[in-house]
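In the part that follows, the structures are each spelled out as structure tokens.
Look at the two complexes coming up: chain A is in both, with chain B in one and chain C in the other.
This part shows the complex of A and B:
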């Protein structure tokens, strides 16, 4: 039985693309745990400048360090989004004054277009689990780390009514960066919003 | 007494000869033909209306005259004027127009005629063909007014058919890229799409307000995979009542669709190409071999392998697709892949969708047939100016008998 979904982490030449190595396994576990989606048991890492990225219409990008895409990476990202791909970007710094945020948002604007605040009524927030107040807050926000803000909204580049780039300042990369076996110690599974991202990407 | 009889016979012979000469003379003065030219035939009506003409010959140079002219000439013929015509051989042009069953409802015009044919609307030329004898197809998105196919000697014309009401497409599939990009392609091409995507036991992501599955609401169902099993019992009656169904291979394997599928599907085969070739996207996809049923037809093939097949199921139509992971065409194909993928899906769904309008044929059509029906076939050349006036066949024998009787009577009584 072939998989309908393979988790893809984006590699890029600058920065630290592999700063959250436990996130893929944790989200794969959640998708398998809650849904009937046929998910591949292991994820893949694909260079942004490679044509292989087009085999994975949902891709995850994170990091702490400055992001500067190469021309090829920029062109590939634009084409990827134009063809229907969805890039999910999470700021691993949780800091609007951080270098990742400033450089990555600049690169996304250059490659795909300017981002806008995503309404908390967007179908993303009830594609599987329901998040009435929009994106769930992370423990890093609640503890006042990073920019000491609780970000009420995500940002996005929309193509029509479809999300082409989803951008988070909430540091889900830290929030979800633990071994899936430890999920049993949590009173509430904090990866549920990740399931919504996957289901949204596969159905809308 | 005998002498008086001889004189009577001579008088009768002279009278018959005088009558015959009068008849010939009358024919030469009354029954003349008038020659008409096709381009100026309307201006010739006064001459033709003159009582001194009881025959007319029309010479056609450039195409048949207008229908109104044909009808007037036919009226003259019915009134006793002997009508003939000649000219270069005229041939019919056939034109059939129907709306493509896709959201833009382009007009599909099929044209056949000898030699060069120009297809045009009220505004401009749409297309032309140097030789349309084998038939040509022209698709135009927004023609204006009456549509015409103009051949060298005839013109066919039809008004554009009325627009259709396009109904919704229902897509059923698991949460997969194939389902997502099938919905995207159809929506981007202008279809109204509803979808039902099961994502967990008892949970499905749905779009649109689900209506009863009937042809009043839906034009077609696209069954991507086994997720269609849930509605299979309703889909088959929907198709039989006129709806359309597109089955991808995984859905065609469902036993519920065995009775309606156009082909038996085999085991999936990997593409011979090792990596995706953007220049040959469909050849790069994995495929499922299709074995056609007797009543199915191939809509698309690659080499000898059928890749899309269709058949009628009572009032509806069913297509089965042998390509696997068509979404890769959109993501990994060439620069035009997104548009090509959309169009492929729209065309495939349109091929089975319910709600087709009837084709409109050239209603004033068959202009050549109507012309020949009214005026007969062409003659090789114009008849001579004076019509022949045949004398009665009895005239010569009677005249001979009278003269022999008169001569015999005189000789038997000794006169010279």
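This part shows the complex of A and C:
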């Protein structure tokens, strides 16, 4: 069976791109559980500097450590976004100084463009499940932006109405970082927003 | 004098006689042909066996096959047994006497009897009786010999061949039996007296097993105590055998060497030697198993409320070579405290005479009343059985033991759980922080307290400080591999003079992870042993100084030491925080399972540990490969090596042992050994194990 969707984790030279190894499986499980999208049972890891990334409409990037893209990575990321890809970046860092946030947003601004606050009424929040209050909060959300505030919005780089880069400080990487078989122990599935991201990336 | 008149009836009788003679000739030829077939097959098989040794199975088929061929011939020619009609006999005569001009056929035909006077006259005129008589005399005689001559010649030829062929080969075909390879008389091509062996194993009488014979075996597998006779083809030629430390010389018997020995109790290699010739046989004793005894009743241990009634006892017995006897044994213990008495005995003793029986049962009743048991008494019951082993003595087999107890009156309706008190908490050690606070508070009260009371309180704190120091010392020296425990005084003696922590740690480091570790915490050049234990040793020394000051009634001077000790204790806690992170296994999501569209196989995901790899397997394979190479140059040596290897793998891998035995036999036979070697190597290498995977639906 050929898959409509394969979860793609972005490898980048700096930092720890593989800090959340269970997130792909968990989101694949959710996509299979709630949608009829033909989804590949395992995700792939693709270097950001590789042109293989163009085969995947959604790319997931996370980490704890400072992020510095190479020139090739910046060029590839810019082209990826221009060609309709969606880069979903989640800050996996808990430190007060927000080292990931500061360096990553700087790199995204250099590569794709400045980010701005994403409205909670954006179609992303209604693409599959409805999140009336915007992005769901997590139990790991502290102060990843380095400003000691819990933000009610996500950030994004928009190309027109379409999200090119979706940036989260919610630490979904920790929130969703568990084996999908353990989902049965949860009263409410906390990965539903991930399904919205996938469906949005595949339909916009 | 005129010749007597020949009547038609005389002629008919004469022709009837000719018909009978013809029938006898045909039957004789058929029977002789069948006999010739039988004897020919026998002689041909014997001749073949003389030059090419036929296997026992082929030889066993020779005579039955010859009999079948002869029977088939009789079946095909069964029409020859039928009577020859008068008309056919008359025709047969007229064929050989044309002068009769077919009048004989008409004369014996009943349809013309008395109707043709001319025929009667013709018969009289030509004296048919004389003609028929002459035919019967001359023609028949020649005909009879003609028809039986061919099979008689064949029979004679075959019999002569059988008489000329070696008698051993004739007997091998006539009466094939295991071990008759020695009867075969072959040209003296090989001078090796060990080239052909026949091994006869006679199990001990108690086993009731038949005698077995094997030809050219690589190994001899027999019950311990069996009589093993090894025979060779030629004379003794100073053949002798050695195994373990025993040496047995061969003796002559019927012009062939033979030696007899008793199967030992342990596996060993029997070395046969004659001059420069050597041959190995592996001796594989089969031990007589102890009887298997299963106690059926009582099925489990039990507690009886009252000491009366009887226990029903049942047991099933089995043995590999026959049971001799069985019984139930009991031991009763009564009493309490240090005063116990015991009583033992047997019930239900049963003998198993006559033919060896592999299975048996025991039944009996054990009277509780007769045992006079009292509350609290115990009776242990088991079944025992002995086999018939007369070589090493009867082997005893026992069942599980059941225990029956008589309940005490005070334990009715109670739960028999021995209460255990909770562990004693650590109550006598105050924390360093508390001691520090106490010292600071005491120092503040210095002016308000009398000198004696102040010093007494200070010494009380010093006592607690010393106790805590000993506790820290125990921890440190337990970690460094020295006994701490209750040897507080010894520790004190060891550290009475506060030593340099570096020297202690250096010694411990050398004894544990010297040159192998890297720093986890602390200085970069410290090993984990040093990094974790240095703060505790330093705290120990600071506590020593603090307790010394407190003993002198100077808590003010003790406080800095106590603060340093507390600081080092905190450092030790930090040093022990080690975080390790492993690589997370890649997760493959079962899409069908998530969407509930698959099928649950209902298999629990039980994981069983795999057996450890056999470290000797690779070594054995290497040795086997060397034997393969050796087989091309020195087949005899290769066969001996295979026998030795077989003996090694006999216990761990019986399948490989069998394949090795076949390979050794193939090498000794000569010819193509590829298949045997391939099978042996595959068996040695082990099969690829197919394991049922973890259930796709199971938890990871």
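The definition used in the following text is that the second predicted complex is superposed on the first by the 192 of 204 C-alpha atoms of A that agree within 3 Å, B and C clash if a C-alpha of one lies under 4 Å from a C-alpha of the other, contacts with A are read in each partner's own complex, and residues count from 1 in each chain.
The working rule: contacts are C-beta pairs under 8 Å (C-beta built on N, C-alpha and C of every residue); 3 or more make two chains touch, one makes a residue touch a chain.
Treat the numbers as computed from the prediction; the structure is a model and nothing was measured.
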{"item": "Combined model on chain A: chain C and chain B, fit or clash", "value": "fit"}
{"item": "Chain B versus chain C as contact partner of A:65, first or second or both or neither", "value": "neither"}
{"item": "Chain B versus chain C as contact partner of A:137, first or second or both or neither", "value": "neither"}
{"item": "Partner chain(s) touched by A:55 [first = chain B, second = chain C, both, neither]", "value": "first"}
{"item": "First (chain B), second (chain C), both or neither touched by A:44", "value": "neither"}
{"item": "When both partners are placed on the shared chain, which of chain B and chain C touches more of chain A", "value": "B"}
{"item": "Which of chain B and chain C A:99 touches, first, second, both or neither", "value": "neither"}
{"item": "Touching partner for A:5 - first (chain B), second (chain C), both, neither", "value": "first"}
{"item": "A:199 touches, of chain B and chain C: first, second, both or neither?", "value": "first"}
{"item": "Chain B, chain C and vertex chain A (Cα centres) - angle in steps of 10°", "value": "110"}
{"item": "Minimal inter-chain CA distance - chain C and chain B, angstrom", "value": "11"}
{"item": "Complex contacts: residues of chain A adjacent to chain C", "value": "21-22, 24-25, 28-29, 32-33, 39, 41-42, 179-181"}
{"item": "Residues of chain A that touch chain B when the two form their complex", "value": "4-5, 34-38, 51, 54-55, 57, 82-85, 127-128, 162, 199, 201-204"}
{"item": "Residues of chain B defined as touching chain A within the complex", "value": "174-177, 179-181, 184, 195, 197-201, 203, 205, 207, 276, 327-328, 330-332, 337-338"}
{"item": "Residue numbers on chain C that touch chain A, as the complex places them", "value": "584, 586-591, 594-595, 699-700"}
